[in-house]
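Next, two complexes with chain A in common: one pairs it with chain B, the other with chain C.
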Partner chain A sequence: MSELKYHKASNASEAASMISGTEDGKFLAGGQTLLPTMKAKLAAPSDLVDVSGASDMIGISISGNTVSIGAMTTHADVAGNPELNAVCPSICALAGNIGDPAVRHRGTIGGSVANNDPAADYPAALLALGATITTNNRDISADDFFVGMFETALEDGEIITKVSFDAPEKGAYAKFPNPASRYAMVGVFAAKSSGGARVAVTGAGSDGVFRQSDMEAALDGSWSPDSVSDVSVSADNLLSDIHGDAAYRANLVKVMAARAVANA
Partner chain B sequence: MTEISMVVNGKSVKADVADNTLLVDYIRESLRLTGTHVGCDTSQCGACVVHVDGKAVKSCTMLAASAQGSDVTTIEGLANGDLHPMQAAFKENHGLQCGFCTPGMIMSATDMVARYNASGKELTEEAIRDELEGNICRCTGYHNIVKAIADGASKMTNA
Partner chain C sequence: MSEGIGASVRRKEDKRFITGKGKYTDDIRQENQAYAAFVRSPHAHAVVKSIDASEAEAMEGVVAVLNGHQLTEDGIGNIIAGWAITSKDGSGMNMGAWSALCTEKVRYVGDTIAIVIADTQEIARNAADAVMVDFDILPAEVNPEATLADGAPQIHDNAPNNQIYDWELGDEAATDAGLASAAHVTEMEIINNRLSPNPMEPRAAIAIFDEAEDHYTLYTTSQNPHVARLLLSAFYQVAPEHKLRVVAPDVGGGFGSKIYVYPEEIACLWASMKTNRSVKWTSTRSEAFLTDAHGRDHVTRAKMGFDANGKIVGFKVDTIANIGAYMSLFSSVTPTYLYATLLSGQYDMPAIHGNVRAVYTNTAPVDAYRGAGRPEATYLVERMMDTAALEMGVDPAELRRKNFIQSFPYQTQVIMNYDSGDFPGCMDKAQAAADVAGFAARKAESASRGKLRGIGYSSFIEACGIAPSAAVGSLGCGVGLWESAEVRVNPVGTIEILTGSHSHGQSHETTFAQLVNDRFGIPIDNVQIVHGDTDKVQFGMGTYGSRSGPVGMNAIVKALDKVEAKVKKIAAHVLEASEDDIVIEAGEVKIAGTDKKMAWHEVGLAAYTAHNLPEGMEPGLKEGAFFDPINFSFPSATLICEVEVDPDTGVTDILQFTTADDFGVIINPMVVEGQVHGGIAQGIGQAMLENVVYDDSGQLLTGSYMDYAMPRADDLPSFTIEHNNVPSPSNPLGLKGCGEAGAIGAPPAVINAICNAIGNNNLSMPATPSKVWAALQEVSTQQAAE
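Take a look at the complex of A and B:
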């Protein structure tokens, strides 16, 4: 890992001012993506601003069915929060299936969302739940936030402080994990709210997470696994790699969507 | 350089480290606690698992500076004169062959037992296998590791 200067921020505004003084600084959250990337020499930031202990960016608050999760809340803390599990069990189950226990003890929702890995789990949840991503500057809707593979609407030096959403009437996530890495080969989050059904797919899109609008329309007609199984899913713009080709992933999208709807 | 201080296996330690120092390198190279192993160095194998403030983490995937002020336990900190019940269970159940993965297995095992006890959930065989997702063993085929953890869990609970 190349040389760097380490800074520890105790809150979001301190973090934002620390990074503005750096040449090519990056925020360090749980480090479960960034540190392996740096060790592989795919990133070499001049500075790391450690936000994992930023006190105003940690914790879960729930009022009615509105949920707000601080960006530095770990996967383990989301998975194990009983109040959250009571209003939105699907997000707890999703967090509890990310990686392995040690990864879940360090990795955070903010880090995962900022990274926008095309196979990450949280982006599918936030897109399907119509979540809002709050930064030190503004609120961004999930529809606008996830721009492409590893790309988000974040500006340089902009820091995610929390994510919030209304718990859906029904919702579930179904993931077909790659047997070796446990990242999603395909993961589908299906949610039903007063505004209608939303279906988001991760692991499959060559531009990262996306909404499957044909399935949303079918579920608005009738919320049942058969509704999504009857939708034809094109393999255009889906990923092909050594783990599975686009046609295989297109079929998995249907199977995972039907499972998600059945479990919701 | 950054000055760090933490408690490792009950002892206060302090050092000036380069800012890019990984926690595992600080533990092995500076503190000379070489029971914590580096298997993959790519966050996959779990040989480097230690406890930071009571939680299992991969010490190859954390900066030493991020552990400032923390309470760290390594495999050397478990035994208290006698083997820790989980260590004894690995020995009795042949839960190791070459032993390279064992420190990480045992640190993950004691972490999972503590979490399951705290939440009142039952640590079934299926749960143990699922919890071992991040620990790779290239020798044993896992069966005896799973047996050892189940045995160690009951030894810890009855200790």
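Take a look at the complex of A and C:
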């Protein structure tokens, strides 16, 4: 049994160089998924490079309508940022409803996005907001970033430094929590921007977060809850499990989308 | 402020619990302490071909890896069910062997194969992972009906078709005749869902072997340490009874799951002798989900017949009870004598027949869980009543009223003799408190917001205060179910109460002291409750079945009677008065009507100095008593649940939850209400959230809180609790017991309310949003068809 090696990075470039020499290193952000996974012996990295204290990856900056959130900014900091709340209240509300207070004070936006849990909240927001995910190497659009369940466009050793987006004219997230875990069983982020409406769904898709283009088209025609309620949602490619089958999730996609639009 | 019977005194034990100073088994550290971890089966059913522990044994820090063959060689006995149930053909139970460590075969995921002892917990767990077991995987069966079919996997050789017993209670011919005469028969299939007990503190044990004395000590999370000692010595042969001390220190909840002695405790105690190390094991939450005895899991088909006036004329019940892979301690009695004996509910039923088949499946053992059999009976009876009312087009409360038992004692057709109660009175109080009269207006208001409002009843009775020893003995129980107590008055007048009851959340340190205050006027701070240690308390049967009040407290009262008599004798002698003239009030012992008196502590001192005692009296002031009840006690209640369903999502909000209970005499109303709150929370959990699910291969799908939905505070409403107490005539204090009431009564009230709201009676527990939504789709499909 080999010993786990722990490294603490003080900035993004140090983190990237620390992980480059490792056998099977992993970045440790808030640890809200990785550490329980390791405890359950479902992951056994050789090294952990802790980036939660990387100073150039923390904080929120707002310039006009453009929002930039450092990857290691905690959910609690996103939820409680008054400037952000003034320009994009939907992202603050979403962050304030992730997990419980302990999770929100450790978990980070970068960690959540990099993990791309099919029931995580942030991927829906970033996809609906047309966000850009910036890494130590490049910028990746949210449309290209979320590849599939727990899969992203990140290369080995690549690290997310920040996410940025333009605050929408209107936007809201409606989440239906799983009765046990309280992860999103279905979560829908609906946003209206100059480029049009975007609707992203988390929790329901068997390939992870996805855009509901029929609803987007309907909302481009008329931004109202009824527009999405009239869209037919197929249960194909939706998840079925002991908490709800695909037909139920298909229904929830409509209901949550309508609620998101109504609240936006 | 009074601290006697009826006073809502704050809990004495809360200071240490709230400040984090409780002392639980896992807090105990021993010198020379080693840690245990278990090699468990990843398969639901498999032959164990070989065990290779060589890699684990070679790991640094590993002390030993011990298996079932070594356990058997040392003469350690199999785990047993403590109540013999006789099938209707006169045959005994087909009880399969359950060794603490499997030798030939594993029968459920989590089954114990070997114990690893190591210097640290981490090493022990890693070494357990390194033990290689070669399995021959067999087909598994988890379904309680399918397991009875020909060709189903044979789980124990001596239980053909996996049937343990086929038992009946009541008069089948009379019941059939009643049903044949009925103007209306309601017929249902009811599933009572399987639950995981989830006490906050997981099971734990620390076994200490003293080689010099050949003496064993076991600290463990037990609801009944004396029963554990009896089992470990007389039945499992791990250590002789006089050489074994079992201590159950602070225990963080049990709900039944800590009544039993499990394989892990047996293995740890045995391993402490084998390795001459103190052996400690603390269950992980994952192990708790896999191996703590589950609750409920019944499949029932039932018919209830009514005459043209709505009076019940017959009730016939056919139940299959899933026992899991092995027969745990109370597994045989829970679905029989704790279940079918309550099938009469609160109703005058002229004929009842209950048939129960207990079956093995490749799942964790199933045993008593808060309510134990009585929730299953209540859910069945109360779902039948609401369904019958719906089918006959009558008000469900009126149908209940029409059938309520009105006079006591009442002999049911299923053994129980109800000693007291006021069922219409509970219904009246509950209906008034729930403002049933205003329901129609509230339903209309909900409808105006697009929501569906519903109301549901549950009128239940349970049998607590388990139990008259001779009676249970005649029905197959292996032990007596009395309780013991000892009252020690110290020379300074302070008092220790030693009790065989065990508190793992029940507030005994407060409520038991209130009995002393009520009798002698001594502040409860001067009373210490001692429990949970077989070296201190002579014997006891422990806490389960809401018995600490009706049985345990009455044992204390009997001992207090003896102390009082001796105190009066001493005071009469010292004060030169007649014993009959002595009264004890507010901590003083007086001659009635005079100012001549002794302070309480002066009597204590007199007893121990023994300078001036009545002739022939022994020194000291210490009395013991055993209390064996003459009957069960019968708490009852009507609960009313009012819900609002969101038809878009199927989400149910409980808007009001009202209960009007008859608990007999109440010692501490605040504590009783706390018990009721917790019980209802668990009942709502069963009704709406909780469900243990295995896949077809026997893998547990709900092995963590990610998938097993525990009720949280925001799932629950505030509760309205009314009391309609009729003292029990069957015990000196008039107590009936309150610990299980909410968990027993709540589930049918919730489901009846949701069914009422959605207009579909076809709904099973847990009524999750997805199930409620699907039931609503059935209604719309039906309406579209019509």
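Just so we're on the same page, the second predicted complex is superposed on the first by the 262 of 264 C-alpha atoms of A that agree within 3 Å, B and C clash if a C-alpha of one lies under 4 Å from a C-alpha of the other, contacts with A are read in each partner's own complex, and residues count from 1 in each chain.
Methods note: contacts are C-beta pairs under 8 Å (C-beta built on N, C-alpha and C of every residue); 3 or more make two chains touch, one makes a residue touch a chain.
Everything numeric here is computed off the predicted structure, so don't read it as measured data.
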### Query
Of chain B and chain C, which one touches more residues of chain A?
B
### Query
Which of the two partners, first being chain B and second being chain C, lies in contact with A:G21: first, second, both, or neither?
neither
### Query
In the superposed arrangement, which partner chain does A:G196 touch: chain B (first), chain C (second), both, or neither?
neither
### Query
Just chain B (first), just chain C (second), both, or neither: which does A:Y248 touch?
second
### Message
Quick one: is A:V103 in contact with chain B, with chain C, with both, or with neither? Answer first, second, both or neither.
### Response
first
### Message
Need the overlap of the two footprints on chain A, from chain B and from chain C, as residue ranges.
### Response
1, 40
### Task
Would you mind writing out the residues of chain A in touch with chain C in their complex?
1, 40-41, 176, 179-181, 183, 242-245, 247-248, 251-252, 255
### Task
Within their complex, state which residues of chain A touch chain B.
1-6, 8, 28, 31-32, 35-36, 39-40, 48, 50, 52, 76, 80, 99-103, 105-106, 182
### Message
Touching residues of chain B toward chain A in the complex: what are they?
### Response
2, 18-20, 22, 41-43, 46, 49, 55-58, 61-63, 65-66, 68, 108, 111-112, 115, 119, 131, 133-135
### Summary
Touching chain A in the complex, chain C uses residues 126, 129, 286, 648-650, 689, 691, 693, 701-702, 705-710, 768-770, 773-774
